[in-house]
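Multiple structures are listed underneath, in structure tokens.
Two complexes, one shared chain (chain A), two partners (chain B, chain C).
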Partner chain A sequence: MKILGNTLYVTSQDAYLALDGENVVIQREESETRRIPLHNLDGIVTFGYTGASPALMGACAERGVVLTFLTMHGRFLARVSGTEQGNVLLRKTQYRFSDDEAQSAGIARGFITGKLFNSRWIVERAARDYPLRLDKEKLSGVSASLADAIRSLPCAETLEDIRGIEGKAATQYFSVLDDMILQQKNDFFFRSRNRRPPMDNVNAMIFFVYTLLAHDTASALETVGLDPYVGFLHRDRPGRLSLALDLMEEFRSVLADRFVLTLINTKQVNGGGFIQKENGAVLMDDDTRKTILTAWQKKKQEQITHPMLGEKMEWGLVPYSQALLLARYLRGDMDVYPPFLWK
Partner chain B sequence: MLVLITYDVNTETPAGQKRLRKVAKVCVNYGQRVQNSVFECIMDAALCCTVKHQLEKIINPEKDSLRFYYLGDHYKTKVEHMGAKPSFDVTEPLIL
Partner chain C sequence: MEYSEEEFLSIAGLQHFAFCRRQWALAYLEMQWNENLRTAEGHILHENAHDSFSAEKRGDRIISRGMAVFSRRLGVNGVCDIVEFHASPHGVPIFGREGKWLPVPVEYKRGAPKENDADRLQLCCQAMCLEEMLLCGEIPKAYLYYGETARRTAVPLDEALRGKVAAMLSEMHELSRRKYTPRVKPAKSCNACSLKGLCLPKLCRGGSAADYLKKRLEEFS
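Right, the complex of A and B next:
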């Protein structure tokens, strides 16, 4: 099994990343603030227009360290990744599967099963842990309809059907997300999903965490030799990491949404850390962003036992293990793709 | 695992000074300099072999010495720091 390397996040915009020997050196105002050996890193994520030397980009590409550039607010700009890993036969199989509607639907069903199962688990767990504070009937109603959706998935033949089931279930799930926010209700509330730009604090956080998750999922796919741009449920669109978005479906609720809820409910973030612009868009300040990144790194290092593999691993390796299972399915080593069903 | 690399290179001759610089350069590549000739490297056994080999080629075994301390995966309870030059842990969140 792969070892979970660290991710370096650079949030200061006056920083410059350079290469020195086997180290990435972070310079600020011409002086070195930190040097980190490249072999300890899996990825580097920069926010704002942080510069990086071409030599560093080359070294990252060579060593499989994914270097990603995001805007200050976490929107994706560019990534540097080296030659494709893994073998061409696997990738060609992936393309053939992606072109075949029936095959795509089969895999997409796996992703969505995972998504609904994990969403349902979160609702169930909230109902179990806070029976007095929450509207139990509403929660069990949602849980039941999610269970229905899971049951109806095997009958869904086309991608269109799967999307329909997923859309309805997602509406149900998001309708109780606000209920699961137990603290700081005045600052954090959830009415509906919105993005580009996010219009409230919760959406701003969710959007940001999804971006981090997409970065991790895409590099996991690249590590096992799959093309993160060619998806099954999400169709091809220039510049869209379709397969990463596909695979991410399983982790959205269990890794991202629940992570955001924890941050709010344990008061690690507060309303003061958000700024509303004139057009309604909500931005996070630097401290909040740092808090989220620190908590995210800690979360990724938490140990779990993979429900299917039965192997102990860090949360951060779960996207990698799922990418590995997907590759095995595409190679024909497995009859179905087993989604990540967290319990 | 955490490997602590320390060295003593005889610098009486220009050749010795050259060796010292070379040894330091290799160590800087793979670890964090915690004191002048003490490096903490977090690496796996395979990488450790590579580094060891690189260092072995540089030193003069008659005059210089190298020491490797293998502190394993649970090194956090084994290291304590006092005084100036606090170090950082490359496995902790890195946000700059």
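Right, the complex of A and C next:
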């Protein structure tokens, strides 16, 4: 397996990134604030209109370090990546599969199986960990309906059927997300999904973490030679990282949602770190963003054993390992695509 | 028969092919370079790149580093670490030098001698390229230098070795034309394989992905 590198997150808008020898140098107001060897990095993510020198972009492209520019609020702007890794053949296979409804449905079923399996695990796990605080019956109900959804997936032949099952299951799952928030209930609650813009603190955090996860997943796909823009479940829309969004389905609950719940339940974030605009849109302040980024880096270092590969790896390598399995499936090395089924 | 430059394969690939056909295909057809493989090879290429214009004369030898070679007949190209030109009446004239010279490739390996033929095949292939480029007739022997033993060993370039190079290359060209990555044949060598993490030898034997799914989803069926 690959070695997990670090992602450098640059959150100050007045920063400028330059190259000095083999190092990224962060400059602020003409003076150097940090210097990090490029070979320690997998990616650099900048928030706000942080500048970067062409020399640094070139060096990143050459060394396979993906440089991503996001707006202050985490909306994707652009990425610099080098000549695609891997062979054009793999991409052509990917495009052929993507054009073929049956093949696409087969892979999409894998992604959604992973998603539902892992969502159910979150619910089950919460019920087990906090039996005295949670409405067990409500949770078991949701868990049972997620299990039903998993059972019905093998019969879903079309993408539409799969999306239908997924949609219903997601409603079920999100109906207990608020129950799983056990602390700071006045500041953190979840009524429904909203993201453009996020209208409450929880949605603001979830949206932000999904963006980080999408970035990591897109980089993983690129590393194994797949085109993150051409998906199977999410259909092509210019500029959308469709395949990254597809693959991400498996990790949303188990990596992102659970991570957000932990931040709230362990009080690493608090209501004071959020600002509500006149129209109700919620923004996170700089400190909260930094807290989340630091915790996210830590989360990615946590060791797990991959359920299929049986190999110890960091959480941060899970998107990569699934991208690799997907590539090997497309190459014809395996009979099915094996989604990440966490336990 | 002659290959076009488009079809040229890398001489360095021979050692991977000799080790495992799938490893070669992963690295050269799929371009799935793993850091290990890349650094091992890149290192050598890198060193060469710095002084590929250098040629020094030592007594009756000219030593040329980082020489690019190719063969149209075999359809390969690559770089020789070192080619020594020995003054010899059996040699050929070379550009810009007086006298007659016999080319002798020398390949440097950082590690220890291998059990398999990989290094000898690569060396022999380099010699065959030089023969074709210099029209110099058969080069009888060449040398491998191993960092670990700090010793040069002479490698006789006999018919058997030459035949193996040619056979292997035609097999590589065939796979390359079909863009075909051979399936896994798990072997002891997998443990020492730098592409193991990409190849997933255990999983690719077919069936096991389905088994995994079945087991994990048992309670839902």
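Heads up, the rule we're going with is that the second predicted complex is superposed on the first by the 343 of 343 C-alpha atoms of A that agree within 3 Å, B and C clash if a C-alpha of one lies under 4 Å from a C-alpha of the other, contacts with A are read in each partner's own complex, and residues count from 1 in each chain.
As a working rule, a contact is a pair of C-beta atoms (placed from the backbone, for glycine too) under 8 Å apart; a residue touches a chain by one contact, two chains touch by 3 or more.
Quantities reported herein were computed from a predicted structural model and do not represent experimental measurements.
Visitor: Looking at the superposed three-chain arrangement on chain A, would you call chain B and chain C a clash or a fit?
Guide: Fit: chain B and chain C sit side by side once superposed on chain A.
Visitor: After superposition on the shared chain, which partner residues are touched by A:Phe207: those of chain B (first), chain C (second), both, or neither?
Guide: It touches nothing on chain B or chain C.
Visitor: Regarding the shared-chain residue A:Thr33, is it in contact with chain B (first), chain C (second), both, or neither?
Guide: first
Visitor: Just chain B (first), just chain C (second), both, or neither: which does A:Tyr320 touch?
Guide: The answer is neither, since A:Tyr320 touches no partner chain.
Visitor: For the overlaid structures, how many degrees, to the nearest 10, lie between chain B and chain C at the C-alpha centre of chain A?
Guide: 50
Visitor: Quick check on the superposed pair: does A:Pro338 touch chain B, chain C, both, or neither? Answer first, second, both or neither.
Guide: The second partner, chain C, only.
Visitor: Considering only the touch criterion stated at the top, classify A:Phe251 as touching first (chain B), second (chain C), both, or neither.
Guide: Neither chain B nor chain C is touched by A:Phe251.
Visitor: Give one of first, second, both or neither to describe whether A:Phe111 is in contact with chain B, with chain C, with both, or with none.
Guide: Touch partners of A:Phe111: none, neither chain B nor chain C.
Visitor: Thinking of the overlay built on chain A, is A:Tyr329 touched by chain B (first), by chain C (second), by both, or by neither?
Guide: A:Tyr329 contacts chain C only, not chain B.
Visitor: Check whether A:Gln297 is in contact with chain B, with chain C, with both or with neither, and answer first, second, both or neither.
Guide: The first partner, chain B, only.
Visitor: Can you work out, in whole Å, how close the C-alpha atoms of chain B and chain C get once everything is superposed?
Guide: For chain B and chain C in the superposition, the minimum C-alpha gap reads 6 Å.
Visitor: If I apply the document's touch criterion, which positions on chain A are contacted by chain B in one structure and by chain C in the other?
Guide: 3.
Visitor: Taking the complex as given, what residues does chain C use to touch chain A?
Guide: Chain C reaches chain A through residues 29-33, 35, 179, 181, 183-184, 197-198, 200, 203-204, 206-210, 212-213, 216-217, 219-221.
Visitor: What does chain B use to touch chain A in their complex?
Guide: 25, 28-32, 41-44, 47, 88, 90-96
Visitor: Can you list the chain A residues touching chain B in their complex?
Guide: Contact set of chain A toward chain B: 3, 6-12, 15, 20-23, 26, 33-37, 39-40, 290, 293-294, 296-298, 301.
Visitor: Using the touch definition up top, name the residues of chain A that touch chain C in the complex.
Guide: So the residues of chain A touching chain C come out as 1-3, 85-87, 89-90, 113, 117, 147, 150-151, 224-225, 307-309, 324-325, 328-329, 331, 333-339, 341, 343.
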